[in-house]
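Each in structure tokens, the structures are laid out below.
Same chain, two partners: chain A is paired with chain B first, then with chain C.
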Partner chain A sequence: MVAKKGAKAGGASEDAVEDLARVPLQAILLADSFTTKFRPITLECPKVLLPLVNTPMIDYTLAWLESADVEEVFVFCCSHSKQIINYLDKSKWTNQPNFSVTTIESQNCISAGDALRLIYERNVIQGDFILVSGDTVSNMMLTQALQEHKERRKKDNNAVMTMVIKQSKPSQITRQTRLGTDELIMAIDPTTKQLLYYEDKADDSKQTLTLDKSFLSENPSLSLLNDKQDCYIDICSPEVLSLFTDNFDYQHLRRHFVKGLLVDDIMGYKIFTHEIHSSYAARIDNFRSYDSVSKDIIQRWTYPLVPDVQFSINNPTKLERHGIYRASNITQSRSSQVGPFTYIGIDTVIGNNTVISNSVIGDGCKIGSNVAIDGCYIWHNVTIQDGCKLRHAILCDGVVMKPGAVLEPGVVLSYKVIVGQEFVVPSYSKVSLLPQPVKQDSDEELEYADSNTEVIVTTNPLENGDSTNNIGSDIGENGRGVIWSISEVDHEEEWRHSVSPIPDSKLIELTQLVNEDLEVLIQDDQFLPIDVRESDTESDGDVRDESQHFEKEVEATFLRGVNENVKEEHIILEVNSLRLSYNMASENCASALFYSMMKLALDNSRNLGQDLVKCTNDVVSKWGKLLRPYLQGVDDEIEVIMKFEEICLESGKEYAPLFVKVLHFLYDKDIIQEEAILNWANEKEDADESDKVFVKQAEKFIQWLNEASEEED
Partner chain B sequence: MPDTHALVNDFLNKLKKRKIEGSKTTAKMTAELLRTVISQQRIPNTNQAGALIQAINAIGEQLVSANPVELAVGNIVRRVLHIIREEDLSLTTASIGGLSLQALSDDEDNIDRDDRPVLSAAAVAAAARSTLRPPSLQTLLEDVPHSAAIHQSSSSAGDSEEKTKSTDKNSRSRKLKHNVIETVNELIQDIATCHELIAEQAVEHIHHNEVILTLGSSGTVIEFLCAAKEKKRNFRVFVAEGAPRYQGHTLAKELVTRGLQTTVITDSAVFAMISRVNMVIVGAHAVMANGGVIAPVGLNMVALAAQRHAVPFVVLAGIHKLCPLYPHNPEVLLNELKSPSEVLDFGELSDCMEYSTGSGAPLLHVVNPAFDYVPPKLVSLFITDTGGHNPSYMYRLIADYYSADDLVLQHRPAVS
Partner chain C sequence: MDFQVVVLAGGTSKKLAPLVSKDVPKSLLPVANRPVLSYVLELLEQSNLKDLIVVVEGEDTDGLVENWISEAYVDRLHVQVASVPEEVGTAGALRAIAHHLTASDILVVSGDLVCDISPGAVAAAHRRHDAVVTAMLCSVPVSGTQDSASSGGKDKTKKPGKFNIVGLDLTQQFLLYIAAGIDVEKDLRVQKNILRAVGKMEIRADLMDAHLYAFKRSVLQQVLNQKQSFRSLKQDVVPYLVKSQLRSEILFNGGAQVEENGNEKDAFSNNKVMLSQLLANASTPSFHELYALGPNGFAPSERKTHKCCVYIASKNTYCARLNSIQAFSDINRDVIGDASHLSRCSFSVHNNVIHPSAVLGLKTTVGPQCMLGEGSQMGDKCSVKRSVIGRHCRIGSNVKVVNSVIMNHVTIGDGCSIQGSVISSNVQLQERAVLKDCQIGAGFVVTAGSEYKGESLARK
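Coming up: the complex of A and B.
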């Protein structure tokens, strides 16, 4: 009420300013998730019509949109579009005052991108709109977020989208959020709330994140967050639709569109975030989030979208102590126990000594005696006969469990499956009357329930109904249904997205993994493990390239100096500028110059046929002074000696036998100090035999130096 | 009528979605809606009152089930039903009386009636009550002087009562409708002005240098305290903030702007402060037939503290809050559990609500009830727009305002 008034007041003031430019607030509701996470159920029923605490998901979304003052909703239906349209026609949504629901139907859209392109062609969106999918549960007020969005738009026309986010810490062990989605890493500018980086598929194996260097330099401040949950509620400007049309390869809203915009800096489109604190928002993406959101609803976080408030055509329900919701006309045996946080639908019958806890039981279910139900989602008209045991399972409409059947955690029974007597359905199995569709493409994006398969599929149940026996054996005596095989890749991930809690053994395993990683971290004694090392090796490569370049440049400068008789100071100046531009240390300059000299001497001796020693002597005595400015310490001199070693081994093998002679000469010329030679020898002591060749050659010289220094002492 | 139908649906929606808050607004909106319904209702020639009652009953039932916790809806529906019954009765008696009387000119009647229509209706109702019903204690007490004057009224005021004597059915039905609408208007007026009527009594209850304690915020309480202040009473107010909605903060702000000495305390400090308090004055969500109060959460604790220190616990309630039902298990059935997010931030605790580990059962549960039930023995006094009353007197008031036939609005067995 208050918010509504606020919205009206806001609208009025805007009217004054914008002068009749007010367009009704519109929303696009995608009634298709374009994924297959809810298979096999979604082969028979669209995801948005699946009951969530006994009310179809789409009702939550529509009720929220209505309460948030949205006036026009375009429901985009793709797979099972007829069912959705029929449902909406029958529901009260289509004849509400001030709230119009229009369906847009398409058979050949395979992604959210396609859907938005189609809506763009229809040309129905006039202003800013809300983009949600039909599986969103929220009670947030959009007024503030809309206001922020509009103000930003006034200042900057490129702010095309505002994403709603909410705090939610991912589990340290499983690296996923409580909604079963992958850990999400976002970078947000703390002042403007602009979204700078979005990554929902952080590499699990490495647990690292690589940010571009420029990214840090361009943004003076940014907060890197991993405890935010993407609510998949977007406030978009009309440009978003045209962007989808312009980029016809955009399929996925986040993976392509958001990342695309963030990477593309030519157009300069910006995405902003709006964080909600006290309100609730979540999207049902997989069975895990189905479980979490159901529990949140029962715990009333979604108020007023809770079972005892009639926000849609749901049945009147009374809330009792300990969070037990009961609809009317329930027949419950006195000896049965209904535990906390349970919903029981209208006309349900519960037999003797049955124990139910943390479960949702739909309308018209028949539950026999001595049944144990824990954490299950049982839809409508399900029959559970005596002695069954169910834990953390989903049972769709019309399922029958014969006496003594057992469901292990994580089982999903699709429509009208019959589980045979005493049959134990193994963990995480998915049972359906329909055969498992053959995967045509491993690309997840294309795994949609496309219209072709759907047509075949919908005719199938009838056939199966007639020829029950050929598939019955799968699920026990007199059972009906096929247990879908789970591909190996999926199997690993099955526990992540299931309705059942993650088994302890898995958790221990994961904890160990995390601990091991931590140990690695500690051993490395670094905080940025692999990441840093990777970048090190990369930059090593860079550095090598750079230094080779530098050497060449120095050599060219030196040769030019020699040929053109440039003054020494000028050569030094040029080398200095090179050193600055390549960001080299003085030792690099020394070694590069020395290399150039040696090469010149070598070339001279080859060309002129003179003795190499004499040539070297000439060159060094003439140009040796060049090295002076760069030989400021012992280390620099050692570097020169090592460079000489390298030359002897690689480019100028001729020098190898003359190593000691040249060294002695350098010593005489005061280019290399006695100390440097001794240190070099010491350093080499621990090295490999192969590295010691020259030390051995110079052994006598070193000995002599040693003696000389002792004499001096 | 599609028009009323849409209106009713709209109101139903708002009630269902909990978009209307506060019993006063709800009561006013309900009364206005019912007035529209009555004015648009087509009335058959026979059994007009029956048809009206049926129509209101049907709508009332829907309204009540839309938000069973908001008792003001049911109260107003029952009040309107009562009004219809009374008006019908007065017309019948008048027509009986009219038969014996000589016909007077219709024009004159109408003028008379337009002048003081309600008075006449009330007088007739009183007369009808005393003539057609076995005398109750109430009528005996109230009408001692009046019953003596019945003769007078039927003779001298007889000309004004004549209204019905016209045998023309059309005009009579119009009259019934007209009278009912007039009285409903009166009711709407009453709801709007109940604050003032209650506030007028403030000086009788608040004395110089007293300390008043209140919890949360209530429009009636603000008016009441300010009325005492305007009468130059000098007193202090302790405001318990009223977690989790903290409406006490807004109340404190309001009181300070009106120049009252105000102290804000936490709810948990109530017991510590109560010994310094002279009187507790609070608002209510609804008053039940037994004198129990459905009040904002936290008030039962305040009432208990007040009783422990023998501090008077005064409840201000407009007459539209008076509910003719007896509470049964009110802590649960007449309560509304609000969103836990008013108490805790979901994000902060998201890791406590991780269902993917352990048994999958939620370990953390946040309960946020909107109301408390204060039993009648803890209430010292009710101040309504008609004056101060004892809790034990409530059933009497109820008998005045509601008809026993309307107590159960639902004709089929209650759902649930």
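Coming up: the complex of A and C.
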């Protein structure tokens, strides 16, 4: 680390020469993930302080930021903010030269969007900044990505963000990466690396991916990627914060912000990607990524952020062969075996004939004899008595396992849980001393309950141990803790995000499911080519659809206007907005409005049994003014006449005999000028006989108009 | 090579009116004074593909085509000419001649293709991957890109047929997605399971489907039989094969081709054999094979896949299809210009081709990139630039011909000016006629002193 700092100082001075108005490189670290994936543990302790191979997660993030030449970090704390602030005060981070850590505290933020809005209000960010969450483990150098970002910014002020991505192919069967995150589909311009499309949480019901054609009209090629993982490390321009403030409904960084920017083509903001190849970056989003990242750390992919390098106040640890890390003062029985890729913390005692492999065991743990531990994460001061069996579980601080207790894969035991003698905790159970929050989280997965949980934590049994009596002992004789009930739906998905590997039976089941999906798909496909041909022959099908939608919308607007007596100008305003959103011409508006009126008149006459002519007269005299703004030229008026013809032929055959009357009436009301009628008649001259029905009907009227105009001349 | 070639020569395409007629089907339209079909036939001959079936649409024209082929290629190629009814589409044409097809692989070529890419290379790529279909794609020809560059993005709406949207894997060997350019107007729909299997897909809009496909015969015939509604190879058959590549319906239903696909059957029926084959084979397996094996090498149920491949021609090759009047003019210009190696003619020092029997008047200049056919005569003070003039044309004095194609036996009176036009055979242009961007059908008479601009004229 000392060497790093030297390099950093050099780099900084270079920057200063380059850029006179240099601002320190800043980072925002969100010390709250605004999700509930780590419950029940996060009810008692903030996620960023959870130990990851015996060091709190936030230390990894801060150590990385420091090594990546970041000078100012704003740690945003929300849930359990006091714990985080206390931890940081005690840690080495607050008194580093050239590296300042400032905490920003809030109690009522429920999302990353809220957090960024709050930071914007504080007005602390001066230039480009790094946006990460406090659960990021990485060793990437930011220099290159930052430089790319800055160069893009010089050319194009709209390039507001650079996302870091990394190769990671999701399993085709489970459709999630090894970090347990959902598969991600992105479209990227291969030359500029601009992000064009981003789809996480893929909708499985859709077998196809729909891309906007406009991507290809701008670039001759684009890359569709399914084998990348989003590292959730973003290099942002200050505009990002103001964008969050402008769009106060943005909550989630990806789902709202990124997708929002990609969809919005008015402002033209662009997001770019930076792919890292050799360095490590991952975010601990769920228990599975906790497991995967822990293994990566033990296997040294994250170097220099590994247990035997002191990057925070972690204990000195020695690395032995087969990836075994041992802290000092371990008491280990000669007959016990410690397998590969295992970490054992300070002052831990291991009894006879105990077998430990692929696990992390924290400080001050007491492990009895004949215990089998595989793939477990055991935090501090845990007591495991004789004959226990643990596979793929997480045991928080102070957990006690009475003799002979068994943890099946995927179990999470929160703080100070006691598992009774010879009790078998079923797979994927989550056990806590705290009762399960009654209010199940909303679909947004936001930790709304955080401020409430503060209250729970204060009355938490950690302090008053006698509350044991209240808590059901459904965890065996003399046990302490409640097995949280998992709803049926969640249970199905529990394997996805658990620490335990996915069981083979599940994989086989899913594989078959995938195959069935495919079968369905192929069957669907049989009809597809035919569709293609149909749409070839009438390639304006889409356009027609659009205009039909538009017509319906206009009609609905008009009817609402009629029924609720909305002012005319307001109806016109609404129609105008529809016109813009559907990209229609004024003639379309005129004909759609006209259609709505005719339909209203027709409905009125049917319902009231009145004469159709009278109804039409009423409606047109009352609402005819609406047409004015859209009848700007003769062509628009002709369009209305044609629409009327169409109505007479299709939807309102009752009008057919009255064609001339209504036309005359429209003429009288100055809605349609004589020029339009004459032009329309001329246009129809060459048409088929069938098309001329109404011209013939109107022959006399047209003749009269002709004569009238001649007289005028 | 055990390849049978089907040349789809088409009939009298409406798009090319008034240039084509019953007497001149599309395949016999001249490009640099020889029928366009000859370019395909010679290309195939160069790749040693000599067993051909030429399919002509419509009854009337097959005699013409057959006569011409037997005259020109009697001792060089083994050609069968078959005629199919009009409007059956490319798939229908293949259905109609199914009984002629015997080889294990079929190469389907469009008769209007003018290119210098070896079909042999396509066939080799097809064989190498044991693909069910291999399509040849080439970069959009230079003239096309120039157009699109000049008018920017709008151009794509104008000429949608020219562009294809294709999805390729990273190695650019496999076809993962294909849509006709016409679909550019709509959204692209990419199948997720293919993307999942391959991980990274490159979607490109700058490649043109040259309408040269290699098919596995058994598969092609099976698809044609099963899907009677399929009419077009390009719009129906190829997209269908591409879409179903990870869930092939072809190889396992219908025992008829067991004997032909015996190898594959074995391979698919026993994953272990497959795995050992893959391990023995040093090359990395394609995603199809990996997908068929399932994760970790175990597949609970067998998965059938088939491969759809592409052959992408390198950028400096020439490839164009004569499917519009614009293309006709472009190709003629290119063949005597930038892609002159296709014409098989030796160019003079002035970079033009003037037949020895042609007669030029006093002070008449024939510029570079021009061709003057056998027995044509030109009067005094004429000027010809970047144009093709056919055989036995009689051209008066003071005639200007720029950027035009003049077919055979055309008579042009004194003082005519022809720019950017196509003039079919036996047309008569009387004195001082001025044509700009016109197409004149065969036998038409343009009266003296008349002026036309951007019109299409034909005898009624």
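Going forward, the second predicted complex is superposed on the first by the 470 of 713 C-alpha atoms of A that agree within 3 Å, B and C clash if a C-alpha of one lies under 4 Å from a C-alpha of the other, contacts with A are read in each partner's own complex, and residues count from 1 in each chain.
One rule holds for everything that comes next: a contact is a pair of C-beta atoms (placed from the backbone, for glycine too) under 8 Å apart; a residue touches a chain by one contact, two chains touch by 3 or more.
Given the structure is predicted, the values throughout are model-derived calculations rather than measurements.
> After superposition on the shared chain, which partner residues are touched by A:Arg175: those of chain B (first), chain C (second), both, or neither?
So A:Arg175 only meets chain C here.
> Contacts for A:Pro190 in the overlay, against chain B (first) and chain C (second): which applies, first, second, both or neither?
A:Pro190 contacts chain C only, not chain B.
> In the superposed arrangement, which partner chain does A:Pro304 touch: chain B (first), chain C (second), both, or neither?
After superposition on chain A, A:Pro304 lies in contact with chain B alone.
> Looking at A:Asn563 after the superposition, I want to know if it touches chain B, chain C, both of them or none. Which is it: first, second, both, neither?
Touch status of A:Asn563: no partner.
> So, does A:Ser505 touch the first partner chain B, the second partner chain C, both, or neither?
After superposing on A, A:Ser505 lies clear of both chain B and chain C.
> Contacts for A:Pro316 in the overlay, against chain B (first) and chain C (second): which applies, first, second, both or neither?
A:Pro316 contacts chain B only, not chain C.
> Does chain B (first) or chain C (second) touch A:Asn607, or do both, or does neither?
neither
> Can you list the residues of chain A that touch chain B in one structure and chain C in the other?
On chain A, the residues that contact chain B in one structure and chain C in the other are 169, 171, 173, 227, 507.
> In their shared complex, at which residues does chain A touch chain C?
Going by the criterion above, the answer is residues 169-173, 175, 183, 185, 187, 190, 202, 206-213, 216-227, 507-508, 511-512, 514-515, 517-519, 521-522, 525-526, 528-530, 532-533, 535-536, 539, 542.
> Of all residues in chain C, which touch chain A in the complex?
Contacts found on chain C: 153, 156, 165, 167, 180, 182-193, 195-206, 227, 229-232, 235-236, 239-240, 243-244, 246-247, 249, 291, 294-295, 299-301, 303.
> Can you name the residues of chain A that touch chain B in the complex?
Spelled out, the residues of chain A in touch with chain B are 1-2, 4, 63, 67, 96-97, 139, 166-169, 171, 173-174, 176, 178, 180, 227, 229, 277-280, 288, 291-292, 295-296, 299-304, 309-311, 316-321, 323, 326-328, 340-341, 357-358, 375, 392, 500-502, 507.
> For chain B, which residues count as touching chain A in their complex?
6, 9-10, 13-14, 16-21, 25, 65-66, 332-333, 337-342, 345-348, 350-351, 353-362, 365-366, 368, 415-416
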